[in-house]
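Both complexes below contain subunit A, partnered by subunit B and then by subunit C.
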Partner chain A sequence: MNRVAVVSHSTTKFSLEDIPVEGLLVSAARPIFENTRNLSQNDVDVVLVSTNDNKKYLSAIVSELTGISPKISHSVESLCNSGANAVISAYSYIQAGLADVALVVGAERLDSPGQVLEWDVSRGELKHPIFWASMFAKAHKRKFGTTDEQLAYVSAKNHKNAKDNPNAYQPKEFSINDVMNSKKVTDDLRLLDCSRPCAGSAAVLLASEREAKKFSDTPVWISGVGQKTTSASFTKNDLTSIQSTVDAAEQAYRMAGIEPAQIDVAEVHDAFTICELMILEGLGIVPAGKAANYAIDLYNTGSRKINPRGGLIGSGHPLGATGIAQIAEIACQLEGGALRRQVNSAGIGLVHNMSAAATSSSVLVMNP
Partner chain B sequence: MNRVAVVSHSTTKFSLEDIPVEGLLVSAARPIFENTRNLSQNDVDVVLVSTNDNKKYLSAIVSELTGISPKISHSVESLCNSGANAVISAYSYIQAGLADVALVVGAERLDSPGQVLEWDVSRGELKHPIFWASMFAKAHKRKFGTTDEQLAYVSAKNHKNAKDNPNAYQPKEFSINDVMNSKKVTDDLRLLDCSRPCAGSAAVLLASEREAKKFSDTPVWISGVGQKTTSASFTKNDLTSIQSTVDAAEQAYRMAGIEPAQIDVAEVHDAFTICELMILEGLGIVPAGKAANYAIDLYNTGSRKINPRGGLIGSGHPLGATGIAQIAEIACQLEGGALRRQVNSAGIGLVHNMSAAATSSSVLVMNP
Partner chain C sequence: MSVFETGLKKGRFVVGQCSKCQKIAWPPNDFCSGCFGSLLWRDLKQPGTLLEHSQKDGRKFCIVEFERAVKIMGVLIEDVEPTIGQNIQLANCGFDKSPRFEFSVVPEVN
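Now for the complex of A and B:
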């Protein structure tokens, strides 16, 4: 079996600027060529674009604009976890022997059409993800006694982590009180419980085992992948757990041969504070009902183990770029290059990227 | 190495009806479950959707509507060859060992945004594909003396073949004179030189070697795949040949271990009559400059070797469905189930699916 590594990565500054999607894509792709040893445009067999933008043929456009003439090239869309989907697709081309080197670029504009859940026409008017997150929060509070203050710790922690992430859209510290005093958006969630949609882009370069060392002395291997799409009508009558995450994690752990206790650093899809708690429980990093106190511990001890770059809440959430920025961060952590964000002795990393009211999850396990 | 087979397929009636894209997708996916031996929803590991529609999260939606809860699920877009891209991606998941069974569904509405080449903003105003096809036709006429009448044979042949395709949007025979007397759209192409965008959908079910026989006694193996994306600025100063097709075919032939002379039946991307000629030359089925007379021979002898279902010109061109309908047709031919369209002793089949002024081509070689 071919092993596949992340050998280079790049993330742009997330912002509220009005930039064409082609420009965003190129801003993340160009540094890959500037910063990767021995890489020329001719090496790249695959170019995949991850986005919710309505523009077509973007992988061919970014290929042309960066001088690549790939074999395999298309766009991938799965709302908020388009990024991990695209990376796992690129992984599979290399595993299958159809490619040695793949560039995956994700980008989203500020006005992305992916921010509205059009898909929900069949289930009433819950078109914005916050309505789903609020139902999760209400259920979690009822079952586990989770409090608004505990949720506030997640936001405060991720904003604090983002202060050391130069690409975060607004690296600013917020206290627990700041979060608690932010505007109530629904009965159960406040403004600072939410991630902020923004413009941004990110890219990763994957290589086969045969080619990895040509491009990097510190390749980061993808040792496990797992994915699951459920749907609202499939979930058990339990809004406190995320079945798609449980299933995706189980696949990824089995493939990597690890237990959740072995994870040293993780980027997880904290679209809302409540999501981070439910994800950590779904991933088995903490038992069900224990994530809230765990978040407080992380905050109080200054641990960067969960969402070291600040997650979606701290860094911003440019939909199609998010999963790729998460993978870039974990690769950076495992290379030991995360500077002030560096988690000590990070040996096993995890990425968790999720879509659409938690109906779809992708998990990657990575190691140096 | 895992082999991967097409074990089931389905194509809807192509039409000019105004149908929601979700409805189109389900119309192609449902018959797969009705018609495939031993198949249950739980078998399906991968659901990929091929479309240019702006709607998001369609693979999760079609999964929910058909009762599937897949591991891997997203949409694929690469304009007119989204379909072959999605099938080759599904192939790679199976090859990589991440999946055993994959459902790929393509659909397009009548008003698809993929019909306009937005990508061409950097190169002037040639926003409709016919302008590119006209440049190809002019160059081919100049270099090889190709005539309007020869082009008309391609259209007449494909319309004649489509008469036996119950899913063609308008199965009607046109004489050479009908084509020659149809409205001139540009200096070099007439209305009946063009394929017709329409609504439609198609689906194929892929399975690993381990699972294929469970679902079909006549699996059709994908023995070669090739893909290439060039760009307008990369092409040599020669508008009479399609570099992306030459490169994709070379990869697919090498992988399958065949020569073009061994191909018994092919569906090729005749978006315009001139494209069929250039593709047959690019695939090496005939030498450069010889495809025009070859088309006349096919017409006169009634051979169905090239575009037996009528191609895009005869069947219609629902963008995201086209590549999948082509693969369904070749699978059907190689199973011996094509009824009045059946090519005798079809042992090796080929699919050629192309995008955006011929800047991207995908080729599959298939055999029973």
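Now for the complex of A and C:
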């Protein structure tokens, strides 16, 4: 089997700036060429773009603006999960032998059309993500006794981690009290329980085993991949577990030959604090109902194992860039280059990216 | 415009039931997603049961399940503290850019 590695990555500063999506995309692609040894435009066989932006033909535009004439070039859109999906698509081209080197670039503007899934009529007029997230939160509280204070630890932890992430939208520490005293958006979630949309971009360069060492002494291999879409309607979900995550994780672990207990560092899709708890349970990192106390332990011990760059809550959530920024962070951790965010002796990393009220999930297992 | 949307605009919640396998097509569809059979459209059977609820700006919102197939989110129009599993009625529905569902509690009969 052709192994595939992440050999370079970049993330731009997340912001609220009004930048055209083409500009966001190339600002993540340019550092890949500036910072990767031996890389020229002629090496790149694949250019994929991850975004929910309505503009067309963006992968060809990015290719032209960066001087690449790729064999394979197209966009990938699947709401918040676009980034991981695009990387898995590029992985598949290389793994299948159709390409050796792939550039995957993700970006989103602040005014992204991807924040609401109009199609889902089962949500009625309650389209904003806060409604489904509140249903998850209330159901988790009811089943497992999860408290608002426990949720607050997730937010405080991720904001604290983001303080050492120079690309986070607004790196700032918040205490448990700050989170608990933030505006109550619904009975079950506060303002600081939510990630916030922003503008931003990220890119990764993937290479086949044959080419990887040309570009990096520290390639990070993608050793497990899993994806699952259960439906497109929020209300079809069970309210206390995320089936798409359970299924995607099982595939990825089987492929990588690992158990969840072996994971040293993970970026997970904490669109809301409650999501992080349900994801950690779905990934099997903790048993069902135990993630809340686990998050408190992580906070109290200063562990950066879960969401070292601050996750979506700490960093901001530019939809099409998020999955790629997560993969860039785990690659950085496994290279040992995460500076103040570095998790010591990280050997196995995981990325979890999901979409549309948890109806689809992608999981990647990575190792040096 | 879909049969479902047309129904909502008249204040009626209609569901398509498969003429071959009897499965209810939810979300609304042009055919059965189980066996690709044709649908017969009819009114939703009341009441449903409450699955979960929360509150935003003093307005209670909830998920209600009808006929063990149709789960929808909407607003509870009464100022009561509902309980999970309670019988809930779709009191009003409509369509203006997006569907609108309003629920009320079914009074207990002794």
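Here is the rule we use: the second predicted complex is superposed on the first by the 359 of 368 C-alpha atoms of A that agree within 3 Å, B and C clash if a C-alpha of one lies under 4 Å from a C-alpha of the other, contacts with A are read in each partner's own complex, and residues count from 1 in each chain.
Keep in mind that, in the parts below, a residue touches a chain if its C-beta (ideal position, glycine included) is under 8 Å from a C-beta of that chain, and two chains touch if they have at least 3 such contacts.
Not measured: the values here are computed from a predicted model.
Looking at the shared chain after the overlay, A:H74 reaches subunit B, while subunit C stays out of its contact range.
In the superposed pair of complexes, A:T229 makes contact with subunit B only, with no contact to subunit C. Contact with neither subunit B nor subunit C is seen for A:L191 once the two complexes are overlaid on the shared chain.
In the superposed pair of complexes, A:N85 makes contact with subunit B only, with no contact to subunit C.
For subunit A, the partner with contacts to more residues, out of subunit B and subunit C, is B.
Touch criterion not met for A:L16: it reaches neither subunit B nor subunit C.
Once the two complexes are overlaid on the shared chain, A:L339 sits clear of subunit B and of subunit C alike. In the superposition on chain A, A:S59 makes contact with subunit B only, while subunit C stays out of contact range. Residue overlap on subunit A between the subunit B contacts of one complex and the subunit C contacts of the other covers 118, 233-234.
Across the interface of their complex, subunit C is touched by residues 118, 120-127, 130-132, 134-135, 137-139, 142, 185-188, 233-236, 239 of subunit A.
Against subunit A, the residues of subunit B that register as touching in their complex are 1, 47, 52, 54-57, 59-61, 63-64, 69-79, 82, 85-86, 88-89, 91-93, 95-98, 113-114, 117-119, 225-234, 247-248, 251, 355-356, 359-360. Residue ranges on subunit C touching subunit A, taken from their complex, read 4, 26-28, 51-56, 61, 63, 70-75, 84, 98-101.
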